[in-house]
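Shown next, in structure tokens, is the structure this report addresses.
In this document, chain identifiers A, B, C, D and E correspond to the written order of the chains, with residue numbering beginning at 1 in each.
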Amino acid sequence: MEVGIVVGRVTATRKDPHLVGTKLLLAQPIQLNGEASPSSPVIAIDTVGAGIGEKVILVSGSVAARVTSNKDAPVDAAIIGIIDTLEYEKIEGVY
Amino acid sequence: MEVGIVVGRVTATRKDPHLVGTKLLLAQPIQLNGEASPSSPVIAIDTVGAGIGEKVILVSGSVAARVTSNKDAPVDAAIIGIIDTLEYEKIEGVY
Amino acid sequence: MEVGIVVGRVTATRKDPHLVGTKLLLAQPIQLNGEASPSSPVIAIDTVGAGIGEKVILVSGSVAARVTSNKDAPVDAAIIGIIDTLEYEKIEGVY
Amino acid sequence: MEVGIVVGRVTATRKDPHLVGTKLLLAQPIQLNGEASPSSPVIAIDTVGAGIGEKVILVSGSVAARVTSNKDAPVDAAIIGIIDTLEYEKIEGVY
Amino acid sequence: MEVGIVVGRVTATRKDPHLVGTKLLLAQPIQLNGEASPSSPVIAIDTVGAGIGEKVILVSGSVAARVTSNKDAPVDAAIIGIIDTLEYEKIEGVY
């Protein structure tokens, strides 16, 4: 999983039937210091009630579809948690 | 999922039997400001009727095959929605 | 899927039993202008009869194994079509 | 799999029910010389008892969910081993 | 799949039970000219008897687990062949 921050929301009227009723958020993967990581923002399904500006846990790939009510949905990214704390230590030669 | 823009179309006469009758579009992943992201364009199955210049939701990986009529198709990218609005906020240190 | 160009071939005598009898080609992902994209060449299973210098459709990940006669083969890349035409439009701010 | 080093820990009160009771660590993929690799740190499930500063084996993708007690968990990264030794040779033109 | 070169070996006493008895090698993805590609080395399961310095076929993702005796192992990379020859042609604008 990755650390992300919710930055926006996407709406789409014409879409795959499996996506009807889902909440699609825009989340930017970030580094531990809070800055955007080089990867582009993702469109992620949200089922934990995340809001703009919150730090979240982003999951990618086929397992992301498991959070939707329809496990056969064509979904490859989901928000699976809202981060309370992110603790990390400075390790010689790494951070 | 990623934000993409439809830029073209691919035709292939000799192809895997599972692809016969599918519509293959070229879509470029883009950043929130509308510019192309560093990743290369993808060839994606379209089942929502997307056209050139439209912003779309791109899904990748094994789940993409779920949008085709044949769920066993060797497909790793699909257009699953046409974006109406893309709202995002400027977040300190991120955008 | 990605646009690739076939550049070579790989032979391996000692290999996983599932690969016996498969044709392994080297394909370089390319950009729309025909130049190599930053990603490295891939070793892909070919079942559509592609030859050196042909532009092809490359599929990646677990779905690639679906083109082999043995669907349980440990294969993550395949050539699933030979591209006849690749049409794309110049879109403001993208290409 | 990748070589990583455990750098921290994540807590999340609001989360997907499948994550309740799991231990979520922050791990940074590293290069053979011990320096951080360009990829961002990952949030990984730990079931082998890894601690801060330890070098670990990181697995990614859908298979990572196999280490959890609930194999349907939406998990894409896990720590599957604590590295005792990492031996490598200098190969001409590679390292 | 990718072209890699075996550069070392990893040992881990504390590990997921599925990994007991497996041989874990370090392999560096390389380019066609033999130089290391930008991606980091991977820890891969070996079942074909590869040795240090040999060029190998690396497979990634969930299909890699298919080479192990336990198909439910949390494994995302495997060596599936030892390369005898790697032939490629110089193609205008690509190599």
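What we mean here is this: contacts are C-beta pairs under 8 Å (C-beta built on N, C-alpha and C of every residue); 3 or more make two chains touch, one makes a residue touch a chain.
Computed from a predicted model, the values in this text were never measured in an experiment.
Q: Any idea if subunit C and subunit E meet via the same residues, over half in common, or different ones?
A: Different: fewer than half of the residue numbers at the subunit C-subunit E interface appear in both copies.
Q: State the superposition rotation angle between the two copies subunit A and subunit C, fitting on C-alpha atoms only and giving a multiple of 5 degrees from 0 to 180.
A: Between subunit A and subunit C the superposing rotation measures out at 145 degrees.
Q: Would you kindly tell me how far, in whole Å, the mean C-alpha position of subunit B lies from that of subunit A?
A: So the centroids are 19 Å from each other.
Q: Find the geometric centre of each of subunit C and subunit D from their Cα atoms only, then give the gap between the two centres in Å, rounded to an integer.
A: Averaging C-alpha atoms per chain gives centres 30 Å apart.
Q: Could you list which residues of subunit E touch at least two other chains?
A: Residues 38, 61-62, 64 of subunit E touch two or more partner chains.
Q: List the ring in order: which chains come, beginning at subunit C and going next to subunit E?
A: One full turn from subunit C through subunit E gives C, E, D, A, B.
Q: Sort out for me which residues of subunit D touch subunit A in the complex.
A: 5, 7-16, 18-19, 24, 26, 28, 30, 34-36, 38, 40-44, 52-53, 61-62, 64-65, 72-77
Q: Provide the residue numbers of subunit E that touch subunit C in the complex, in ascending order.
A: Where subunit E meets subunit C, its residues are 1-3, 29, 31-32, 37-39, 47-49, 57, 59-64, 66-67, 78, 80-89, 91, 93-95.
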